[in-house]
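Each chain gets a letter, A, B, C, D and E, in the order it is written, and its residues are counted from 1.
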Amino acid sequence: MFVQLLFALSALLTVGCAIAVAVTKNIMHSCIFLLGSLLGIAGLYATLGADFVAVTQIMVYVGGVVILMLFAVMLTGGKDFVSRAQNLLGLAPAMGNKWTYAIGLLVGLVVLLTNVKLIMNISKAYPAKIFGNDFPSTVNQIGHLLIKEHVLAFELSSVLLLGALVGAAIIARPRKQG
Amino acid sequence: MTPAQFDGLMPVVIFMGLAVLLFVGGHFLSVLLAPKKPSHLKSTPYECGEEPVGSAWSAFNIRFYVVGLIFIIFDVESVLMFPVASIFREMNDMGHGGYALIILLSFISVLIEGIAYCWKKGDLDWVKSYQVSAKNNK
Amino acid sequence: MNQTLVSYLSQYEFYDVLLAVFGKNEGLLAFTIYLLAALAIVGLCATIGGLGTYAERKISADLQQRMGPNRVGPYGLLQFLADGVKMMTKEDIMPFTADKFLFYLAPMLALIGVFATLAVLPWSSGFMMADLNVGVFYLIAISSLVGVSVFLGGYASNSKWSMLGGMRGASQIISYEIPVTISILAITLLSGGMSFGTILSHQQGTPVNWFIFHNPFAFVAFFVYAIGALAETNRAPFDLPEAESELVSGYHTEYTGMRFGFFALAEYIEVFVVCGVGAALFLGGGNLPFNLDIDIIPLQFAQVVIFMTKALLLYYVVIWVRWTLPRLRVDQLMSICWKYLTPIAIVNLMGCAIWLVVFNGKSMADLIFGSH
Amino acid sequence: MMSLVSYLIISLILFIVGLVVMIARKNIIAILLGIELILNAAALNFVAYSRYVTNNLDGHVFSLFIIVIAAAESAIGLAIVIRFFQIKETIHVDEATQLRN
Amino acid sequence: MEYTVGNIAPIFLSPVIAFVINAFFGRKLPRQGDWLATLSIFISFIFSARIFGDFVFGTFATDFFIHKTFTWFDLSHGANIWKVDMGIYIDNMAAIMLLMVSGVAFLIHLFSTWYMDHDEKHGRFFVFLPLFTSAMLGLVLSDNLFSLFIFWEIMGFCSYSLIGIYNKKEAAGDASLKAFMTTRVGDVFLLLGMVAIWMVIGSVAYVDIYAAIAEGKFAGQTVIGISLATFAGLCIFLGGMGKSAQFPLHVWLPDAMMGPTPGSALIHAATMVAAGVYLSLRMYPLMVLGDLTWFIAVIGAITAFGAATIALVQTDIKAVLAFSTISQLGYMMIGVGVGSYNAAFMHLITHAIFKACLFLSAGSVIHSVHEQEMPKLGGLRKYLPYTHFAMMCCTLAIAGIPFFSGFVSKDRILGDALYFGFMAGQNPLLAIVPILGFAGAGLTAFYMFRMMFLTFYGENRMGHHDSHGDDHAHGDHHHGHEIHHEHLDARSNVPLLILSVFTLGVWFAGSLTGQGIVKVFGEKTEWFKILVEAPKVERFVKHPREAFGATDSRVKAELPKAKYDHQSGYAGPNPDDHKIHTAHVVGAWMSIVIAFLGVFIAFLMYIKKSIKPLASMFPGYTETLKNKYYFDNLYVDVIIKKGLLGLNRFLSWFDMGIFDRFAVDGWAAVNRVLFKASKWFDNVVVDAIGVDGTGVAVNLFNLVLRIVQSGKIQFYFIMLIVVLASYIWTVNI
């Protein structure tokens, strides 16, 4: 019962905040709604028994990515920023207008229809199954997977992150104005 | 199986709910109790008594971003290290301690490279980058 | 899942009675127990937070040879209640330039982030609300909401002082999260698990079994943790985000009344939480120094008392430090984090790993006194 | 209520919303937000499949790496955005046209 | 002998390790880590030599091979097998190739330690060189097209980096980009070919492809109206064309000489450019199945002859060698095309050795006198005796003089080509293959000796800097040259001498000439012919496949005795044996005559000066040759300027019109559309059709390709989604 409740809450949070991300005109609010959506996804992970992934989601996204995005919004002028050449080049406004949304929704519809086909098949193949509330610890298993089967990915991800760090630091470093 | 095993997550949700409740309740109380005498002067942002000039939402210094950047990389690396650290003792007891140690150390050594790089390039210096940009602006 | 409050209570007969009262609905019973316990804990923590303000003033007065609050109640003990009432009855002002939605949201995020950490705080071996398998990790993760709230608080006010304080605060909190996380990682390594239950079960018995004395690296890691935690909670000497003499009041300059109260409450409870976590991770938590082989509820309360004592001692140290040391400059702040604490923490982590392998998991005490 | 399909539907909604955000918005940071949503939809699918279909934890590890890569990607992406802003003083995606001609 | 991953992997891994160390710590190491790179290649060489020894001198059967695989990832679900294997595949060809690559690479590394000494890019050079070598070795070791493609791209990247290593020079940057882009054209096709193969058999491993061919899985499969085998083979061959610089994708190789000479020696002469040929050889059964061999032969012949003609007038010593490389690669392709499998591969090996040596010699010359324009050189014989010796050996080899390796391999190819063109009952038009082949052989002898004579003989023209143009060998007697004798040391000479020893034909064929004319060692030493043969696809149907970590413990069979009838070139009873033999003998004599004729004309022109130089004989044609048949101009002026830029204007209209129409004012949009349309009409229709038909064809082709290149990421994204959605709708999941 509790798990169902958690699922409902998380799903509501996820979907509601995700839609809010799409409709709000304020990039700052968008970021915060994204945070809500990501928290909801963490909740969904928890209902799936993926406690470690759930907490990782919170740690990396809430603690890292969202803060970084908030910083980036601030560093690029905050929400009041208006495209410099907006009216000169006739570009769409930064947060979109009805036309861009129309295109987006159209493509979204295409994806929806496409996926409905897939999900129909899946729902036949995997009917609803209620698991017991057995949530075994995933941490140890993930640890074993990480240093045995996926050890290469594990080590390479550190190299990837190093590369990301170096690359982003080079890009973002204050430098002479050319 | 003890009955409470299924909802270890319940307290987490309850506490979060309590936080929201407390917030809403506190607001409610404050609305009930607090006086409401709004005036323009009261609701101007504080700027040492002067008239506020412009918006505070302007472009900030990029140093903040560099710090955030280093943070997120380290954050992610520590996330990946947590499961390995959790099973480290177990591996050691099973006699694979050396293997786990090598895996962990090689992971950490890459981490150290990252911090060494940033250190050397002055990304960790709050003031230096400031001076550099000041010098370059001349 | 490991031991929780409900699973602990379920071994007693009265649990079955309660179960019967609740019509065999275990979920509802568990919910009720948890809710009551949570209310108790929140009340306790709110009191501790409130008393924290009082203690802060009293101790600072003591250090500065003043009297401190002494009018409300005996020794001014009820000062915090008076403060609370004052906050509730103050007018709620919001700058007209503010981002209203975020202005409301920021204190709530701070509250959520802090309250959610209470769920895993190990009061005693039995009275643990939730002993998640990812306990410590969860604690670190969810408390990063506070960083977001500090940033948002600063941003939403649309005041320059707030903004500066918010940016500083957020970058300071996230920076110091790294040494803290890596120190905790070292403890995870030593205990072989992230849940507080596992961590505490490795520290039973006399103080030599505490993780702080497990090996020299862990000893250093404790101080890294302490300094980092101090900075993460924006306490002096790391209180740059709210530095009165520089930034008026930092990110909550524009906050008044109840919402300021929430920020303050969150901050004080967070200080208590990090003290508690430090006590649990490094100082043996609520473990009794002797093993009685019996498990009765009074002993659990004794554990709670021990845990609280350790945590409050650390709390005292935090206040003491605040009124003793001067504030750092912002560049010193960053260089301490990235050039001292983080490398030291990484070395500690590597040292702990190597110690574990070389000495096959034995602590210093085991090596000196022989394994038991 | 909780079945594989319900998770898939949630992730589908997330994906579509991310898609709409990516297409409708002209602000590069907003586009990155859309990418995050899409990545999360994928990661959620992995975990759901790992619980309902494969019964092992490979899906967890996959979503772990997705999260890792998403973090790296957003770090780099935002750095580029900031740099772009410093050069062009805009973060409008249609003005990123140096490579077009 | 037991084969485990442990004694195969070091071949690939040791250069990788050297690369990693040099990349990160190279500057800290003494001599910037060049010794480390060299050492790592030497380790590869040792391990390769062991495998080579076992395969060639050991007791392995002709068709023995090692195949170790592991599953890289497995996305199979239920009955749908969807997994990708990676692995090691070593057969005789790979064993020989491994030895050649590692040996040549080692000598070139050794040479480079001398050549790149005190060069500002010394460290960087020794980062990319081991990476390249490891990729090439990995390519040879890989058991499937997929990993081959990965290494292929790594090599492309190294090539790009080494061409543009002097990144301060704009020309170097342009050349590297050109090389990169041109080979990319081929790579796209290679990828397409892989996809086509994957569609049929669900794997891209060589053995699976062979087995599928044997089982007839390709039968009846078509794509866009042509047989799938043809399509896949063509795509893969186009990939090889890009890498092996075959006409018309040859334009990048001459420019690639911007890089340091040893790099050119390794990458653009010995190994990487041969990878295309190697790929074609590996996919030979597919080419046969797809009936593509004639096409390959024709392309090869055009390349071989065309490049040889261009080489006639080049004045830059490296440019001559570059065009001769293209030409020789053309010969290899002829070999593949005319069914001369083993001769094509032999030519790959012999060419790698003598061309590496030629490049190193050229490098030695350039490094010593700091001059690479041949009209400004001359008479260097006295100053660079070792270089002269080595270069002369190689020139003799490439010119097809008997007793040298080039003669053995090239003339086998030409013999088969002769049979293919005249006697095999093919389309008579295919007689162009042997005709162009023999003509090219004569030209090769001529231009190579022209290079030798201009560089090493005659008067020294050093210091005569205003000498204008080619072939005016009347230079004044200025001996104030600056030849750096002291720079030459063992590290430069020893690799040259070692390589020049292997230009002798006797190493590759039992007889000195390779045609059974002068038998010295008898038939037993015809190891090359015995060991290398086109894959017999039938035996791969149930091939042995080992786990990656397994130790090889199969019983090795004896080398078959005289299985190869070297008189005919083909085993078993073949009614055409006699004809083939005739063709070979005729071909051998013809090419001897032609080669000596070429040498003789060169002698007359450049030593005796009794014949007027070429330029004065055909001035107009020379101009065309100097401009390399205007191929660069064609690509730049017509395709890029007219096609792409004109198209860009059209596309900018397309952007505005289709995608952003709602964003612009209606009246302005109408105006703009009219304006752009008329501009487009002007630029594309009038200009292109009126001016140049090719332009229009290219435009039409590009129109399809570039219609999506709007430069708006969101538009790309929409396209991606639409394509994915249509894929899901069309594929029945």
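Convention: a residue touches a chain if its C-beta (ideal position, glycine included) is under 8 Å from a C-beta of that chain, and two chains touch if they have at least 3 such contacts.
Fair warning: this is a prediction, and the values are worked out from it, not measured in the lab.
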Smallest count of steps, each to a touching chain, taking chain B to chain E: 2
Fewest touching-chain hops separating chain A from chain D: 1
Greatest separation from chain B - chain, by CA centre: E
Closest chain to the centre of mass proxy, which here is the mean CA position: D
Maximum centroid distance from chain A, chain identifier (CA atoms): E
A-E or A-B, whichever has more C-beta pairs in contact: A-B
Inter-centroid spacing, chain D versus chain C (mean Cα positions, whole Å): 33
Distance from the mean Cα position of chain C to that of chain A, given in whole angstrom: 28
Separation of chain B from chain C, taking each centre as the mean of its C-alpha atoms, in whole Å: 15
CA centroid of chain D to CA centroid of chain E, Å: 42
Multi-partner residues of chain C (at least 2 other chains): 1, 27, 30-31, 132, 134, 137-138, 155, 167, 170-171, 174, 177, 193-194
Contacts with 2+ other chains: residues of chain D: 19, 22-23, 64, 67-68, 71-72, 74-75, 78-79, 82, 85, 94
Chain A, residues touching no fewer than two other chains: 2-3, 52, 56, 59-60, 63-65, 67-68, 71-72, 74-77, 79, 91-92, 103, 107, 111, 135, 138-139, 142, 146, 157, 161, 164-165, 168-169, 172
Chain-chain contacts as defined at top: A-B, A-C, A-D, A-E, B-C, B-D, D-E
Chain C-facing residues of chain A, complex: 1-2, 26, 28-29, 32, 35, 51-52, 55-56, 58-59, 62-64, 66-67, 70-71, 74, 79, 135, 137-139
Parts of chain C lying in touch with chain B, wherever the complex brings them together: 1-2, 4-7, 10-11, 19, 26-27, 29-31, 34-35, 37-39, 42, 88-98, 107-108, 111-112, 114-116, 118-120, 129-132, 134, 137-138, 155, 157-163, 167, 170-171, 174-175, 177-178, 181-182, 185-186, 188-194, 248, 253-254, 257-259, 261-262, 330-331, 333-335, 338-339, 342-343, 346, 349-350, 353-354, 356-357, 360-361
Chain E contact footprint on chain A (complex, rising order): 90-92, 99, 103, 107, 110-111, 113-114, 117-118, 121
Of all residues in chain A, those that touch chain B in their complex: 2-3, 6, 9, 46, 52, 56, 59-60, 63-65, 67-68, 71-72, 74-80, 133, 135, 139-140, 142-144, 146-147, 151, 154-155, 157-159, 161-162, 164-166, 168-169, 172-177
Chain D contact footprint on chain B (complex, rising order): 59, 62, 65, 69, 72-73, 75-76, 79-80
